[in-house]
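Below, chain A partners chain B and then partners chain C, in two separate complexes.
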Partner chain A sequence: MVREVAESCVDGVVMEMVAAYCGRFYAAKPELAARRIEAIGFQVGHQLTERYTMERPRFSDHLEAIKFICKDFWSELFKKQIDNLKTNHRGTFVLQDNRFRWLTRVSIDPSVESMDATDNDSATLGDSAAQTTSMLLYFPCGIIRGALTNLGISCSVTADMSNLPACSFVVRIKT
Partner chain B sequence: MIVCVAVVGHQNNPLYLQSFTEADDALKLHHVVHCSLDVIDERVNNPKRNAPALNETFLGLLYPTENYKVYGYLTNTKVKFIMVTTDLDVKDADARNFFRKFHAAYVDAVSNPFHVPGTKIASRSFGARVSTIVKSFGSGTTA
Partner chain C sequence: SSDIHLLWQKEDLAYQHQFILHAALDVVQDLAWSTNAMFLKSVDRFNDLVVSVYVTAGHARFMLLHDSRSEDGIKSFFQEVHELYIKIFLNPLYLPGSRITSSHFDTKVRALARRYL
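This part shows the complex of A and B:
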(Lines of atoms letter the chains of each structure in order from A and count residues from 1; the text may use other names and numbers.)
(Lines give C-alpha, C1' and ligand atoms only; values in the text may rest on other atoms or scores of the structure.)
Protein backbone atom coordinates (compact mmCIF):
# COMPACT_ATOMS: atom_id res chain seq x y z
CA MET A 1 0.00 0.00 0.00
CA VAL A 2 1.40 3.36 -1.02
CA ARG A 3 0.51 6.34 1.08
CA GLU A 4 1.19 9.82 -0.09
CA VAL A 5 1.41 13.13 1.71
CA ALA A 6 0.72 16.47 0.14
CA GLU A 7 4.01 18.20 -0.48
CA SER A 8 2.78 21.53 0.81
CA CYS A 9 1.92 19.90 4.14
CA VAL A 10 5.43 18.51 4.50
CA ASP A 11 6.89 21.88 3.54
CA GLY A 12 4.69 23.51 6.12
CA VAL A 13 5.62 21.08 8.89
CA VAL A 14 9.35 21.31 8.20
CA MET A 15 9.36 25.09 8.11
CA GLU A 16 7.18 25.38 11.18
CA MET A 17 9.36 22.91 13.07
CA VAL A 18 12.50 24.87 12.22
CA ALA A 19 10.78 28.14 13.09
CA ALA A 20 9.53 26.76 16.39
CA TYR A 21 12.90 25.43 17.50
CA CYS A 22 14.90 28.43 16.32
CA GLY A 23 12.46 31.14 17.24
CA ARG A 24 10.72 29.91 20.34
CA PHE A 25 12.26 26.98 22.19
CA TYR A 26 15.94 27.72 21.75
CA ALA A 27 15.95 31.25 20.35
CA ALA A 28 19.12 32.14 22.22
CA LYS A 29 21.03 28.96 21.37
CA PRO A 30 20.98 28.22 17.63
CA GLU A 31 23.42 25.33 18.04
CA LEU A 32 21.18 23.56 20.49
CA ALA A 33 18.19 24.15 18.17
CA ALA A 34 20.19 22.65 15.30
CA ARG A 35 21.04 19.60 17.39
CA ARG A 36 17.42 19.09 18.36
CA ILE A 37 16.22 19.34 14.76
CA GLU A 38 18.95 16.96 13.66
CA ALA A 39 17.86 14.51 16.36
CA ILE A 40 14.29 14.56 15.06
CA GLY A 41 15.60 13.83 11.56
CA PHE A 42 17.72 11.03 12.98
CA GLN A 43 14.70 9.27 14.41
CA VAL A 44 12.73 9.73 11.20
CA GLY A 45 15.57 8.30 9.09
CA HIS A 46 16.10 5.48 11.55
CA GLN A 47 12.49 4.36 11.32
CA LEU A 48 12.13 4.89 7.59
CA THR A 49 15.07 2.65 6.70
CA GLU A 50 13.48 -0.10 8.70
CA ARG A 51 10.52 0.08 6.35
CA TYR A 52 12.27 0.73 3.07
CA THR A 53 14.85 -2.04 3.40
CA MET A 54 12.21 -4.63 4.19
CA GLU A 55 12.16 -6.58 0.94
CA ARG A 56 15.79 -6.39 -0.05
CA PRO A 57 18.91 -8.43 0.56
CA ARG A 58 21.43 -7.18 3.08
CA PHE A 59 24.07 -4.71 1.95
CA SER A 60 27.56 -6.09 1.73
CA ASP A 61 29.51 -2.83 1.95
CA HIS A 62 29.23 0.90 2.60
CA LEU A 63 28.95 1.87 -1.06
CA GLU A 64 25.92 -0.32 -1.50
CA ALA A 65 24.21 1.26 1.48
CA ILE A 66 25.01 4.76 0.20
CA LYS A 67 23.67 3.80 -3.21
CA PHE A 68 20.49 2.65 -1.55
CA ILE A 69 20.18 6.08 0.08
CA CYS A 70 20.79 7.82 -3.25
CA LYS A 71 18.37 5.76 -5.26
CA ASP A 72 15.56 4.04 -3.41
CA PHE A 73 15.49 6.01 -0.20
CA TRP A 74 15.62 9.37 -1.97
CA SER A 75 12.93 8.29 -4.44
CA GLU A 76 10.66 7.33 -1.58
CA LEU A 77 11.16 10.66 0.13
CA PHE A 78 11.44 13.08 -2.76
CA LYS A 79 10.30 11.14 -5.86
CA LYS A 80 13.68 11.63 -7.44
CA GLN A 81 17.14 10.20 -7.07
CA ILE A 82 20.28 11.96 -5.96
CA ASP A 83 21.73 13.59 -9.06
CA ASN A 84 25.38 13.08 -8.41
CA LEU A 85 27.39 10.93 -6.05
CA LYS A 86 31.07 11.49 -5.51
CA THR A 87 33.42 9.63 -3.25
CA ASN A 88 37.09 9.69 -2.41
CA HIS A 89 36.98 5.94 -1.61
CA ARG A 90 38.19 6.75 1.90
CA GLY A 91 34.88 7.09 3.61
CA THR A 92 33.70 10.46 2.33
CA PHE A 93 30.70 10.67 0.05
CA VAL A 94 29.16 13.76 -1.49
CA LEU A 95 25.51 13.41 -2.44
CA GLN A 96 24.37 16.22 -4.67
CA ASP A 97 20.76 17.03 -5.38
CA ASN A 98 20.39 19.65 -8.10
CA ARG A 99 16.92 20.63 -7.07
CA PHE A 100 16.36 19.74 -3.46
CA ARG A 101 12.62 19.74 -2.89
CA TRP A 102 12.64 21.29 0.53
CA LEU A 103 14.64 24.27 -0.71
CA THR A 104 12.64 25.09 -3.82
CA ARG A 105 10.50 27.56 -1.88
CA VAL A 106 13.50 29.37 -0.49
CA SER A 107 14.39 32.59 -2.27
CA ILE A 108 17.62 32.16 -4.16
CA ASP A 109 19.36 35.43 -3.48
CA PRO A 110 17.89 37.51 -0.66
CA SER A 111 20.39 40.33 -1.13
CA VAL A 112 18.89 41.19 -4.54
CA GLU A 113 15.52 41.95 -3.01
CA SER A 114 16.98 44.35 -0.52
CA MET A 115 18.88 46.42 -3.07
CA ASP A 116 17.40 49.63 -1.73
CA ALA A 117 18.73 49.07 1.72
CA THR A 118 22.21 50.15 2.61
CA ASP A 119 25.04 47.74 1.92
CA ASN A 120 25.43 46.99 5.56
CA ASP A 121 21.77 46.07 5.93
CA SER A 122 21.62 43.80 2.93
CA ALA A 123 24.70 41.97 4.13
CA THR A 124 23.17 41.19 7.50
CA LEU A 125 19.89 40.29 5.85
CA GLY A 126 21.68 37.92 3.50
CA ASP A 127 23.51 36.45 6.47
CA SER A 128 20.39 35.75 8.47
CA ALA A 129 18.65 34.33 5.39
CA ALA A 130 21.56 31.97 4.84
CA GLN A 131 21.41 30.98 8.47
CA THR A 132 17.70 30.27 8.28
CA THR A 133 18.21 28.17 5.17
CA SER A 134 21.01 26.21 6.79
CA MET A 135 18.66 25.49 9.68
CA LEU A 136 16.28 23.88 7.18
CA LEU A 137 19.01 21.46 6.20
CA TYR A 138 19.68 20.00 9.64
CA PHE A 139 16.54 17.92 9.33
CA PRO A 140 17.50 16.10 6.08
CA CYS A 141 21.06 15.71 7.42
CA GLY A 142 19.60 13.95 10.43
CA ILE A 143 17.49 11.75 8.19
CA ILE A 144 20.54 10.57 6.25
CA ARG A 145 22.55 10.00 9.41
CA GLY A 146 19.69 8.08 11.03
CA ALA A 147 19.25 5.93 7.96
CA LEU A 148 22.94 5.05 7.70
CA THR A 149 23.29 4.47 11.43
CA ASN A 150 20.45 2.00 11.34
CA LEU A 151 22.23 0.20 8.50
CA GLY A 152 25.26 -0.14 10.77
CA ILE A 153 27.33 2.76 9.45
CA SER A 154 28.13 5.46 11.94
CA CYS A 155 28.88 8.72 10.19
CA SER A 156 28.52 12.45 10.33
CA VAL A 157 26.52 14.36 7.75
CA THR A 158 26.85 18.02 6.87
CA ALA A 159 25.10 20.01 4.18
CA ASP A 160 26.42 22.54 1.73
CA MET A 161 24.11 25.01 0.01
CA SER A 162 26.41 27.37 -1.79
CA ASN A 163 24.30 27.37 -4.95
CA LEU A 164 20.58 27.08 -4.25
CA PRO A 165 18.34 25.22 -4.88
CA ALA A 166 21.04 22.65 -5.48
CA CYS A 167 22.53 21.32 -2.31
CA SER A 168 24.96 18.63 -1.39
CA PHE A 169 25.22 16.43 1.64
CA VAL A 170 28.66 15.37 2.76
CA VAL A 171 28.74 12.01 4.50
CA ARG A 172 31.86 11.17 6.47
CA ILE A 173 32.00 7.62 7.68
CA LYS A 174 33.64 7.13 11.04
CA THR A 175 36.14 4.33 11.04
CA MET B 1 3.00 -25.36 15.39
CA ILE B 2 5.21 -22.44 16.29
CA VAL B 3 6.13 -22.57 19.94
CA CYS B 4 8.32 -19.51 20.26
CA VAL B 5 9.22 -16.34 18.37
CA ALA B 6 11.83 -13.74 19.19
CA VAL B 7 13.13 -10.42 17.95
CA VAL B 8 16.74 -9.69 18.84
CA GLY B 9 18.42 -6.31 18.36
CA HIS B 10 21.72 -5.67 16.65
CA GLN B 11 23.67 -5.91 19.89
CA ASN B 12 22.00 -9.23 20.63
CA ASN B 13 19.66 -7.54 23.05
CA PRO B 14 16.23 -9.14 23.26
CA LEU B 15 13.49 -6.88 21.89
CA TYR B 16 10.62 -9.30 21.98
CA LEU B 17 10.37 -12.87 23.20
CA GLN B 18 7.16 -14.78 23.29
CA SER B 19 6.38 -18.46 23.65
CA PHE B 20 3.12 -20.05 22.65
CA THR B 21 2.86 -23.21 24.72
CA GLU B 22 0.68 -24.21 27.60
CA ALA B 23 3.39 -26.24 29.24
CA ASP B 24 5.93 -24.61 31.51
CA ASP B 25 8.88 -24.75 29.13
CA ALA B 26 9.38 -21.06 28.39
CA LEU B 27 12.87 -21.15 29.86
CA LYS B 28 13.90 -24.04 27.64
CA LEU B 29 12.60 -22.28 24.55
CA HIS B 30 14.41 -19.10 25.47
CA HIS B 31 17.53 -21.16 25.82
CA VAL B 32 17.02 -22.52 22.31
CA VAL B 33 16.61 -18.98 21.02
CA HIS B 34 19.79 -17.84 22.71
CA CYS B 35 21.74 -20.74 21.27
CA SER B 36 20.57 -19.86 17.80
CA LEU B 37 22.18 -16.43 18.03
CA ASP B 38 25.59 -18.05 17.77
CA VAL B 39 24.47 -19.97 14.72
CA ILE B 40 23.30 -16.75 13.07
CA ASP B 41 26.62 -15.07 13.80
CA GLU B 42 28.43 -18.00 12.27
CA ARG B 43 26.21 -18.01 9.18
CA VAL B 44 26.68 -14.33 8.57
CA ASN B 45 30.39 -14.12 9.21
CA ASN B 46 31.44 -17.31 7.43
CA PRO B 47 29.02 -17.66 4.57
CA LYS B 48 29.03 -20.97 2.81
CA ARG B 49 29.71 -21.35 -0.87
CA ASN B 50 26.03 -21.01 -1.88
CA ALA B 51 26.76 -17.56 -3.25
CA PRO B 52 23.35 -16.46 -4.58
CA ALA B 53 21.75 -16.64 -1.15
CA LEU B 54 24.67 -14.77 0.36
CA ASN B 55 22.92 -11.66 1.57
CA GLU B 56 19.39 -12.86 1.71
CA THR B 57 17.46 -11.84 4.78
CA PHE B 58 15.97 -15.30 5.23
CA LEU B 59 18.62 -17.52 6.79
CA GLY B 60 16.70 -20.76 6.58
CA LEU B 61 16.92 -23.61 9.05
CA LEU B 62 19.47 -22.68 11.67
CA TYR B 63 19.64 -26.00 13.44
CA PRO B 64 17.36 -28.88 14.23
CA THR B 65 17.12 -30.23 17.75
CA GLU B 66 15.37 -33.35 18.89
CA ASN B 67 11.97 -31.71 19.22
CA TYR B 68 12.33 -28.38 17.51
CA LYS B 69 13.40 -26.72 14.33
CA VAL B 70 14.81 -23.22 14.54
CA TYR B 71 14.53 -20.75 11.67
CA GLY B 72 16.25 -17.39 11.44
CA TYR B 73 15.94 -14.14 9.57
CA LEU B 74 18.31 -11.18 9.62
CA THR B 75 17.23 -7.75 8.41
CA ASN B 76 19.31 -5.03 6.84
CA THR B 77 19.27 -3.20 10.11
CA LYS B 78 20.87 -6.20 11.86
CA VAL B 79 17.73 -7.16 13.70
CA LYS B 80 17.28 -10.90 14.06
CA PHE B 81 14.03 -12.76 13.98
CA ILE B 82 13.94 -16.29 15.34
CA MET B 83 11.17 -18.81 15.13
CA VAL B 84 11.02 -22.17 16.90
CA THR B 85 8.59 -24.73 15.60
CA THR B 86 7.63 -28.28 16.46
CA ASP B 87 6.64 -29.13 12.89
CA LEU B 88 9.24 -31.42 11.48
CA ASP B 89 8.54 -30.88 7.81
CA VAL B 90 8.26 -27.14 7.35
CA LYS B 91 8.34 -25.85 3.82
CA ASP B 92 10.87 -23.11 3.23
CA ALA B 93 8.24 -21.05 1.46
CA ASP B 94 5.98 -21.16 4.52
CA ALA B 95 8.80 -20.05 6.79
CA ARG B 96 9.67 -17.25 4.39
CA ASN B 97 6.09 -16.16 4.28
CA PHE B 98 5.87 -16.19 8.05
CA PHE B 99 8.98 -14.04 8.44
CA ARG B 100 7.74 -11.59 5.85
CA LYS B 101 4.56 -11.00 7.82
CA PHE B 102 6.48 -10.94 11.09
CA HIS B 103 8.91 -8.39 9.70
CA ALA B 104 6.04 -6.20 8.48
CA ALA B 105 4.48 -6.31 11.94
CA TYR B 106 7.82 -5.40 13.50
CA VAL B 107 8.32 -2.47 11.14
CA ASP B 108 4.89 -1.12 11.97
CA ALA B 109 5.63 -1.46 15.67
CA VAL B 110 8.96 0.36 15.60
CA SER B 111 7.60 3.07 13.33
CA ASN B 112 5.53 4.24 16.25
CA PRO B 113 7.02 7.63 17.13
CA PHE B 114 6.70 6.82 20.82
CA HIS B 115 8.78 3.70 20.53
CA VAL B 116 12.36 4.23 21.64
CA PRO B 117 14.70 2.39 19.26
CA GLY B 118 16.69 -0.40 20.88
CA THR B 119 14.23 -1.01 23.69
CA LYS B 120 11.79 -3.85 24.18
CA ILE B 121 8.64 -3.72 22.14
CA ALA B 122 5.85 -3.27 24.63
CA SER B 123 3.09 -2.62 22.12
CA ARG B 124 0.08 -4.77 22.83
CA SER B 125 -1.19 -4.55 19.27
CA PHE B 126 2.15 -5.92 18.07
CA GLY B 127 1.72 -8.87 20.42
CA ALA B 128 -1.79 -9.49 19.16
CA ARG B 129 -0.67 -9.27 15.55
CA VAL B 130 2.18 -11.70 16.13
CA SER B 131 -0.18 -14.18 17.78
CA THR B 132 -2.44 -14.00 14.74
CA ILE B 133 0.47 -14.61 12.39
CA VAL B 134 1.67 -17.51 14.52
CA LYS B 135 -1.80 -19.06 14.55
CA SER B 136 -2.26 -18.64 10.81
CA PHE B 137 1.08 -20.36 10.25
CA GLY B 138 -0.22 -23.53 11.94
CA SER B 139 -3.42 -23.57 9.95
CA GLY B 140 -1.62 -22.73 6.73
CA THR B 141 0.51 -25.87 6.84
CA THR B 142 -2.32 -28.26 7.66
CA ALA B 143 -4.70 -26.81 5.09
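This part shows the complex of A and C:
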Protein backbone atom coordinates (compact mmCIF):
# COMPACT_ATOMS: atom_id res chain seq x y z
CA MET A 1 0.00 0.00 0.00
CA VAL A 2 1.28 3.46 -0.91
CA ARG A 3 1.79 5.75 2.07
CA GLU A 4 -0.16 8.96 1.65
CA VAL A 5 -0.84 12.13 3.60
CA ALA A 6 -4.28 13.75 3.90
CA GLU A 7 -4.57 16.66 1.48
CA SER A 8 -5.83 18.95 4.24
CA CYS A 9 -2.54 18.37 6.10
CA VAL A 10 -0.52 19.47 3.06
CA ASP A 11 -2.78 22.53 2.64
CA GLY A 12 -2.28 23.36 6.30
CA VAL A 13 1.50 22.99 6.12
CA VAL A 14 1.78 25.17 2.99
CA MET A 15 -0.44 27.90 4.45
CA GLU A 16 1.33 27.81 7.80
CA MET A 17 4.73 27.97 6.10
CA VAL A 18 3.68 31.05 4.11
CA ALA A 19 2.14 32.64 7.22
CA ALA A 20 5.28 31.96 9.26
CA TYR A 21 7.68 33.44 6.69
CA CYS A 22 5.50 36.42 5.80
CA GLY A 23 4.09 37.23 9.21
CA ARG A 24 6.80 36.23 11.66
CA PHE A 25 10.28 35.58 10.24
CA TYR A 26 10.37 38.25 7.51
CA ALA A 27 7.33 40.41 8.22
CA ALA A 28 9.13 43.57 7.13
CA LYS A 29 10.84 42.00 4.09
CA PRO A 30 8.28 40.31 1.81
CA GLU A 31 10.78 39.83 -1.03
CA LEU A 32 13.10 37.91 1.30
CA ALA A 33 10.17 35.81 2.55
CA ALA A 34 9.28 35.04 -1.07
CA ARG A 35 12.87 33.95 -1.79
CA ARG A 36 12.90 31.65 1.23
CA ILE A 37 9.53 30.05 0.36
CA GLU A 38 10.69 29.53 -3.23
CA ALA A 39 13.92 27.96 -1.98
CA ILE A 40 11.98 25.44 0.11
CA GLY A 41 9.89 24.61 -2.97
CA PHE A 42 13.08 24.23 -4.99
CA GLN A 43 14.43 21.61 -2.59
CA VAL A 44 11.12 19.72 -2.57
CA GLY A 45 10.89 19.68 -6.39
CA HIS A 46 14.55 18.71 -6.68
CA GLN A 47 14.07 15.71 -4.40
CA LEU A 48 10.72 14.56 -5.77
CA THR A 49 11.85 14.39 -9.41
CA GLU A 50 14.65 12.02 -8.51
CA ARG A 51 12.03 9.71 -7.05
CA TYR A 52 9.35 10.03 -9.74
CA THR A 53 11.78 9.55 -12.65
CA MET A 54 13.28 6.37 -11.27
CA GLU A 55 11.20 3.97 -13.37
CA ARG A 56 11.34 5.86 -16.66
CA PRO A 57 13.92 6.57 -19.36
CA ARG A 58 15.86 9.82 -19.19
CA PHE A 59 14.82 12.91 -21.15
CA SER A 60 16.71 13.80 -24.27
CA ASP A 61 15.25 17.31 -24.72
CA HIS A 62 13.50 20.15 -22.89
CA LEU A 63 10.02 19.47 -24.24
CA GLU A 64 10.07 15.89 -22.94
CA ALA A 65 11.00 17.11 -19.47
CA ILE A 66 8.27 19.79 -19.50
CA LYS A 67 5.71 17.18 -20.60
CA PHE A 68 6.82 14.98 -17.72
CA ILE A 69 6.16 17.90 -15.33
CA CYS A 70 2.71 18.47 -16.88
CA LYS A 71 1.63 14.84 -16.80
CA ASP A 72 3.39 12.46 -14.41
CA PHE A 73 4.80 14.96 -11.91
CA TRP A 74 1.62 17.05 -11.62
CA SER A 75 -0.46 13.87 -11.29
CA GLU A 76 1.72 12.68 -8.41
CA LEU A 77 1.39 16.03 -6.64
CA PHE A 78 -2.18 17.07 -7.40
CA LYS A 79 -3.92 13.92 -8.72
CA LYS A 80 -4.51 15.68 -12.04
CA GLN A 81 -2.53 16.77 -15.08
CA ILE A 82 -1.83 20.32 -16.20
CA ASP A 83 -4.82 21.41 -18.30
CA ASN A 84 -2.98 23.39 -20.95
CA LEU A 85 0.61 23.72 -22.15
CA LYS A 86 1.71 26.50 -24.50
CA THR A 87 5.13 27.38 -25.85
CA ASN A 88 6.65 29.99 -28.14
CA HIS A 89 9.30 27.42 -29.22
CA ARG A 90 11.96 29.82 -27.98
CA GLY A 91 12.37 28.55 -24.44
CA THR A 92 9.19 29.88 -22.82
CA PHE A 93 6.46 27.50 -21.65
CA VAL A 94 3.12 28.33 -20.02
CA LEU A 95 1.60 25.61 -17.83
CA GLN A 96 -2.04 26.29 -17.03
CA ASP A 97 -3.99 24.57 -14.28
CA ASN A 98 -7.67 25.56 -14.47
CA ARG A 99 -8.30 24.55 -10.88
CA PHE A 100 -5.05 24.68 -8.96
CA ARG A 101 -5.61 22.63 -5.82
CA TRP A 102 -3.68 24.89 -3.46
CA LEU A 103 -5.85 27.85 -4.48
CA THR A 104 -9.30 26.23 -4.52
CA ARG A 105 -9.90 27.12 -0.88
CA VAL A 106 -8.43 30.59 -1.16
CA SER A 107 -10.78 33.51 -1.64
CA ILE A 108 -10.47 37.25 -1.27
CA ASP A 109 -12.98 38.63 1.23
CA PRO A 110 -16.10 39.61 -0.80
CA SER A 111 -16.69 42.61 1.45
CA VAL A 112 -13.30 43.93 0.35
CA GLU A 113 -14.04 43.21 -3.31
CA SER A 114 -17.45 44.90 -3.27
CA MET A 115 -16.35 48.07 -1.47
CA ASP A 116 -15.53 51.15 -3.49
CA ALA A 117 -11.92 51.01 -4.65
CA THR A 118 -11.49 54.72 -3.97
CA ASP A 119 -11.57 53.92 -0.27
CA ASN A 120 -7.87 53.64 0.62
CA ASP A 121 -8.39 51.06 3.37
CA SER A 122 -10.29 48.66 1.14
CA ALA A 123 -7.74 49.02 -1.64
CA THR A 124 -4.97 48.24 0.82
CA LEU A 125 -6.89 45.23 2.13
CA GLY A 126 -7.41 43.99 -1.41
CA ASP A 127 -3.71 44.43 -2.17
CA SER A 128 -2.64 42.55 0.95
CA ALA A 129 -5.07 39.70 0.17
CA ALA A 130 -3.68 39.45 -3.36
CA GLN A 131 -0.12 39.60 -2.00
CA THR A 132 -0.84 36.78 0.46
CA THR A 133 -2.28 34.66 -2.35
CA SER A 134 0.72 35.38 -4.55
CA MET A 135 2.98 34.35 -1.66
CA LEU A 136 1.29 30.93 -1.73
CA LEU A 137 2.46 30.53 -5.33
CA TYR A 138 6.17 30.99 -4.65
CA PHE A 139 6.22 27.46 -3.24
CA PRO A 140 4.87 25.68 -6.37
CA CYS A 141 7.06 27.94 -8.54
CA GLY A 142 10.04 26.69 -6.54
CA ILE A 143 8.86 23.09 -6.92
CA ILE A 144 8.72 23.41 -10.72
CA ARG A 145 12.10 25.15 -10.88
CA GLY A 146 13.69 22.55 -8.59
CA ALA A 147 12.22 19.70 -10.62
CA LEU A 148 13.48 21.10 -13.93
CA THR A 149 16.88 22.02 -12.50
CA ASN A 150 17.31 18.44 -11.33
CA LEU A 151 16.47 17.29 -14.85
CA GLY A 152 19.32 19.45 -16.16
CA ILE A 153 17.23 22.44 -17.24
CA SER A 154 18.15 25.79 -15.76
CA CYS A 155 15.12 28.09 -15.73
CA SER A 156 13.08 30.74 -13.93
CA VAL A 157 9.42 30.23 -12.99
CA THR A 158 6.75 32.84 -12.31
CA ALA A 159 3.03 32.49 -11.63
CA ASP A 160 -0.04 34.35 -12.82
CA MET A 161 -3.23 34.09 -10.77
CA SER A 162 -5.43 36.72 -12.34
CA ASN A 163 -8.31 34.25 -12.66
CA LEU A 164 -8.69 32.29 -9.40
CA PRO A 165 -8.69 29.34 -8.86
CA ALA A 166 -7.02 28.97 -12.27
CA CYS A 167 -3.29 29.51 -12.28
CA SER A 168 -0.60 29.76 -14.95
CA PHE A 169 3.08 29.02 -14.41
CA VAL A 170 5.48 30.63 -16.86
CA VAL A 171 8.75 28.72 -17.31
CA ARG A 172 11.60 30.56 -19.02
CA ILE A 173 14.54 28.35 -19.88
CA LYS A 174 17.94 29.97 -19.51
CA THR A 175 20.15 29.38 -22.53
CA SER B 1 62.09 -1.43 1.29
CA SER B 2 59.94 -3.81 -0.77
CA ASP B 3 57.02 -3.15 1.60
CA ILE B 4 57.29 0.59 1.00
CA HIS B 5 57.49 -0.02 -2.76
CA LEU B 6 54.31 -2.13 -2.62
CA LEU B 7 52.55 0.57 -0.63
CA TRP B 8 53.53 3.16 -3.24
CA GLN B 9 52.29 0.89 -6.01
CA LYS B 10 48.98 0.46 -4.21
CA GLU B 11 48.62 4.21 -3.74
CA ASP B 12 49.56 4.84 -7.36
CA LEU B 13 46.93 2.36 -8.46
CA ALA B 14 44.25 4.05 -6.34
CA TYR B 15 45.11 7.44 -7.86
CA GLN B 16 45.19 5.92 -11.32
CA HIS B 17 41.70 4.45 -10.86
CA GLN B 18 40.40 7.84 -9.74
CA PHE B 19 42.06 9.46 -12.74
CA ILE B 20 40.51 6.98 -15.19
CA LEU B 21 37.03 7.60 -13.75
CA HIS B 22 37.44 11.37 -13.82
CA ALA B 23 38.73 11.27 -17.39
CA ALA B 24 35.59 9.34 -18.39
CA LEU B 25 33.31 12.10 -17.02
CA ASP B 26 33.70 14.16 -20.21
CA VAL B 27 32.54 11.22 -22.31
CA VAL B 28 29.55 10.72 -19.99
CA GLN B 29 28.68 14.42 -20.23
CA ASP B 30 28.42 14.13 -24.02
CA LEU B 31 26.56 10.82 -23.98
CA ALA B 32 24.03 11.83 -21.32
CA TRP B 33 21.91 14.02 -23.64
CA SER B 34 22.28 11.80 -26.71
CA THR B 35 20.50 8.73 -25.32
CA ASN B 36 17.48 7.97 -23.14
CA ALA B 37 19.14 4.97 -21.52
CA MET B 38 20.21 5.20 -17.90
CA PHE B 39 22.79 2.44 -18.14
CA LEU B 40 25.69 3.46 -20.39
CA LYS B 41 27.86 0.38 -20.77
CA SER B 42 31.59 0.57 -21.47
CA VAL B 43 31.85 4.31 -22.01
CA ASP B 44 35.64 4.24 -21.70
CA ARG B 45 38.54 1.78 -21.50
CA PHE B 46 42.04 1.82 -20.10
CA ASN B 47 44.15 -1.29 -20.71
CA ASP B 48 42.01 -4.12 -19.33
CA LEU B 49 39.82 -1.79 -17.24
CA VAL B 50 36.34 -0.73 -18.36
CA VAL B 51 34.23 2.21 -17.14
CA SER B 52 30.48 1.56 -16.93
CA VAL B 53 28.12 4.37 -15.96
CA TYR B 54 24.53 4.75 -14.82
CA VAL B 55 23.07 8.25 -15.23
CA THR B 56 19.79 9.04 -13.49
CA ALA B 57 17.17 11.42 -14.87
CA GLY B 58 18.47 13.92 -12.33
CA HIS B 59 21.94 13.53 -13.87
CA ALA B 60 23.49 11.82 -10.86
CA ARG B 61 26.25 9.58 -12.20
CA PHE B 62 27.16 6.20 -10.74
CA MET B 63 30.50 5.06 -12.17
CA LEU B 64 32.04 1.62 -11.92
CA LEU B 65 35.59 0.73 -12.92
CA HIS B 66 35.88 -2.99 -13.59
CA ASP B 67 37.45 -5.66 -15.73
CA SER B 68 35.14 -7.59 -18.07
CA ARG B 69 32.05 -8.74 -16.15
CA SER B 70 28.42 -9.66 -16.73
CA GLU B 71 26.54 -6.61 -18.02
CA ASP B 72 23.29 -7.81 -16.44
CA GLY B 73 24.94 -8.01 -13.03
CA ILE B 74 26.35 -4.50 -13.37
CA LYS B 75 22.98 -3.13 -14.48
CA SER B 76 21.17 -4.77 -11.55
CA PHE B 77 23.83 -3.44 -9.19
CA PHE B 78 23.36 0.10 -10.49
CA GLN B 79 19.56 -0.10 -10.28
CA GLU B 80 19.65 -1.16 -6.65
CA VAL B 81 22.26 1.47 -5.78
CA HIS B 82 19.95 4.02 -7.43
CA GLU B 83 17.15 2.96 -5.05
CA LEU B 84 19.46 3.37 -2.06
CA TYR B 85 20.59 6.76 -3.37
CA ILE B 86 16.99 7.96 -3.68
CA LYS B 87 16.35 7.07 -0.03
CA ILE B 88 19.34 9.21 0.94
CA PHE B 89 18.37 11.98 -1.49
CA LEU B 90 14.84 12.25 -0.08
CA ASN B 91 16.17 12.88 3.41
CA PRO B 92 15.45 16.60 4.05
CA LEU B 93 18.70 16.84 6.03
CA TYR B 94 20.80 15.66 3.09
CA LEU B 95 22.27 18.44 0.98
CA PRO B 96 22.16 17.36 -2.70
CA GLY B 97 25.64 17.04 -4.13
CA SER B 98 27.31 16.64 -0.75
CA ARG B 99 29.25 13.58 0.34
CA ILE B 100 27.16 10.62 1.53
CA THR B 101 28.52 9.72 4.96
CA SER B 102 25.91 7.14 5.98
CA SER B 103 27.56 3.91 7.13
CA HIS B 104 24.26 2.12 6.45
CA PHE B 105 24.46 3.20 2.77
CA ASP B 106 28.09 2.05 2.60
CA THR B 107 27.27 -1.37 4.06
CA LYS B 108 24.34 -1.88 1.68
CA VAL B 109 26.37 -0.90 -1.40
CA ARG B 110 29.16 -3.31 -0.42
CA ALA B 111 26.59 -6.08 0.06
CA LEU B 112 25.15 -5.36 -3.40
CA ALA B 113 28.66 -5.44 -4.89
CA ARG B 114 29.26 -8.87 -3.37
CA ARG B 115 25.91 -10.07 -4.71
CA TYR B 116 26.09 -8.76 -8.28
CA LEU B 117 29.72 -8.17 -9.16
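Basically, the second predicted complex is superposed on the first by the 163 of 175 C-alpha atoms of A that agree within 3 Å, B and C clash if a C-alpha of one lies under 4 Å from a C-alpha of the other, contacts with A are read in each partner's own complex, and residues count from 1 in each chain.
Everything below uses one rule, namely that contacts are C-beta pairs under 8 Å (C-beta built on N, C-alpha and C of every residue); 3 or more make two chains touch, one makes a residue touch a chain.
Just so it is clear, the structure is predicted and the values come from calculations on it, not from any experiment.
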Partners on chain A (chain B, chain C) - clash or fit: clash
Partner chain in contact with A:Arg145 - chain B first, chain C second, else both or neither: neither
Which superposed partner A:Arg36 touches (first chain B, second chain C, both, neither): neither
A:His62 touches, of chain B and chain C: first, second, both or neither? neither
Intersection of the chain A residues that touch chain B with those that touch chain C: 43, 46-47, 49-51, 53-54, 56-60, 150-152
Residue numbers on chain B that touch chain A, as the complex places them: 10, 54-57, 74-78, 100, 103-104, 106-107, 110-111, 113, 117
Residues of chain C defined as touching chain A within the complex: 32-38, 55-60, 82-83, 86, 89-90, 92, 96
Chain A residues within the chain C interface of the complex: 43, 46-47, 49-51, 53-54, 56-60, 150-152
Sites on chain A touched by chain B in the complex: 43, 46-47, 49-51, 53-60, 150-152
